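Heads up, the next two complexes both have chain A, just with different partners, chain B and then chain C.
And now, the complex of A and B:
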């Protein structure tokens, strides 16, 4: 990976993502299967993107709780938009990310009746899950308003990778 | 999802087209692209198939981008001359999509139907390391597919193949009809 944050055209990115979703819809029969594929792809990306992030942001040290995690989530850097963190659960282990513009979904309109179950941006959830797992948080994300829930902190062993 | 949809009733066609200055971290794109390559790799048997798959991915992207870029850059005027069209792809189009122009545009001296667009260092190749046993694989087939679909959609039917030669070369072979049309245009 490059040292600086080199930029590329966000439309190229959203179209390419769109091409991937279209291909997956072609390859798999149900929306749910597509969702889980997208999640897996996002997860793989997350596993790798966290290294990129930490190497470029030496100021970010080890995070210890979810509040810090929420503050650090690097959406701005990678996706070019910011999300508001809201709706904390009382135990502070759950929060929501709400965003108004989603570059993944630019130029996208879902046929509601045909693909009602498709979570178009499911890869984002996977990416968050993968990235946080690498810094020893196991979380679960769902939906377009992304809900991030801390399941448990992982012990200091190598997380199993999906290959 | 449901609540979001209802709050945003404006159809996608009613929204104005963005200026297209949005940028995204290259790493994000690179990793997504790598995942695509890997996903397809697990589903094909031969390198040629993989290249075809990538090229069809590129084709999809090209089909969506062509209108957008002609609209922004040319005020919706299409190119009708073959050479202008190729130059447009080499410069404006590539610059818009990948941030830099292609390096060379050449024409086969023997066969007037064949043109080459040469890129020394295509963006998509930057992050993919080719395993030794798959030496002929070139993930820039993605870009090849993109170029092909743009040319086709502008009524220059052709086939584009991507090969390793002076970096990456997109070999563009136009249909006979394109050349005939060019000739007819000159004689008028």
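And now, the complex of A and C:
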């Protein structure tokens, strides 16, 4: 029947992701292009993984507030790490997710002189953006201490126009 | 304990999956003498019973065979005319039945089932009804239709937060179909969304998904409860 949550070694995922990043660095000329490709890959993963998350966490209902979104994002279901929510903006539409260590960059040392602009874990930001878009929120995330900012609430009853 | 249909409707109201295990009523064959005691009319280009009941044939049944020969599209009878060798004459069934010289006549009746196009149309209609029911609600922040009940079936709908709707149509005596729908959502995320060659919002054509849904429905019909 349906697959249970398969636990896998996080090192396998880290190294697979590392291989992906290295391949993208070979394929593209500049770090900015690699960043946008990682974001796009993460976005496509996020569009699909949100249904998996919701089907396995029936208690997660519709969010009506950014604080609820932050609480849900802090869950450690996929990465095995919990995130801390800090640095709320005064308008309460922006917050930071601080991970206990970057789960994707466990064995990674970036060569700063050659790839100073590379956002290594940009796929994570893309995944958050894609997942939240499927539940009618538009957000923006950036790497290194993921900062999530609400852009707008998409209309519930109409398909998202950005598709 | 019967589940008749399972549907998945995407966010735009398009039918992306349907699992049909509606039991098929057997065809009924009846010999008639003049005048025929069932009233037939052409509906949707098919000769359909509009009045009268006989041997299990009811209003809505469609004639598919006449004297052992399948009807041509449009409810016509193809027959070789005896007085010219190769000529084929095509007669409308209703005209044929109006002529007493053709009796006794043997007709076979079929209870129509939903075609794929009809399911697509009905899914779009349900999508609109769902949105309308949320807007008509006297209470703020209402969801749409969750249970729709009739004397012969019960339809239950679960809309995931992502906007996809999971529908199941079952016997009125079925236990609540909520568990089935949530399990269907799990299967959808496992077998459809994790398939890298499946495009979002497109019809699901995955054999693994079909098999998983079939097993799920069979287990539900057997016990009515779904445990991990």
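Here, the second predicted complex is superposed on the first by the 151 of 163 C-alpha atoms of A that agree within 3 Å, B and C clash if a C-alpha of one lies under 4 Å from a C-alpha of the other, contacts with A are read in each partner's own complex, and residues count from 1 in each chain.
FYI, a contact is a pair of C-beta atoms (placed from the backbone, for glycine too) under 8 Å apart; a residue touches a chain by one contact, two chains touch by 3 or more.
What you see is a predicted model; the values in this text were computed from it and never measured.
Of the two partner chains placed by the overlay, only chain C lies in contact with A:50; chain B stays clear of it.
Looking at the shared chain after the overlay, A:107 reaches chain B, while chain C stays out of its contact range. Of the two partner chains, neither chain B nor chain C is touched by A:150.
In the superposition on chain A, no contact is made by A:83 with either chain B or chain C. In the superposition on chain A, contact of A:124 is made with neither chain B nor chain C. Contacts of A:19 after superposition: chain B is touched, whereas chain C is not reached. Once chain A of one complex is fitted onto chain A of the other, the partner contacts of A:58 are limited to chain C, with no touch recorded for chain B. Residues 1-2, 48-49, 52 of chain A contact both chain B in one complex and chain C in the other.
On the side of chain A, the complex with chain B involves touching residues 1-2, 5-13, 15-20, 22-23, 27, 37, 41, 44-45, 48-49, 52, 77-80, 103, 106-109, 112, 119, 123, 143-145.
On the chain B side of its complex with chain A, the touching residues are 1, 4-5, 11-12, 18, 20, 22-33, 35-36, 38-39, 43, 57, 60-61, 64-65, 68, 96-99, 123, 127. Considering their complex, residues 1-4, 47-52, 54-56, 58, 60-62, 134-135, 157, 159-160, 163 of chain A touch chain C. Considering their complex, residues 11-12, 131, 134, 160-164, 182-183, 185-190, 193-194, 200-201, 212, 215-216, 219, 228 of chain C touch chain A.
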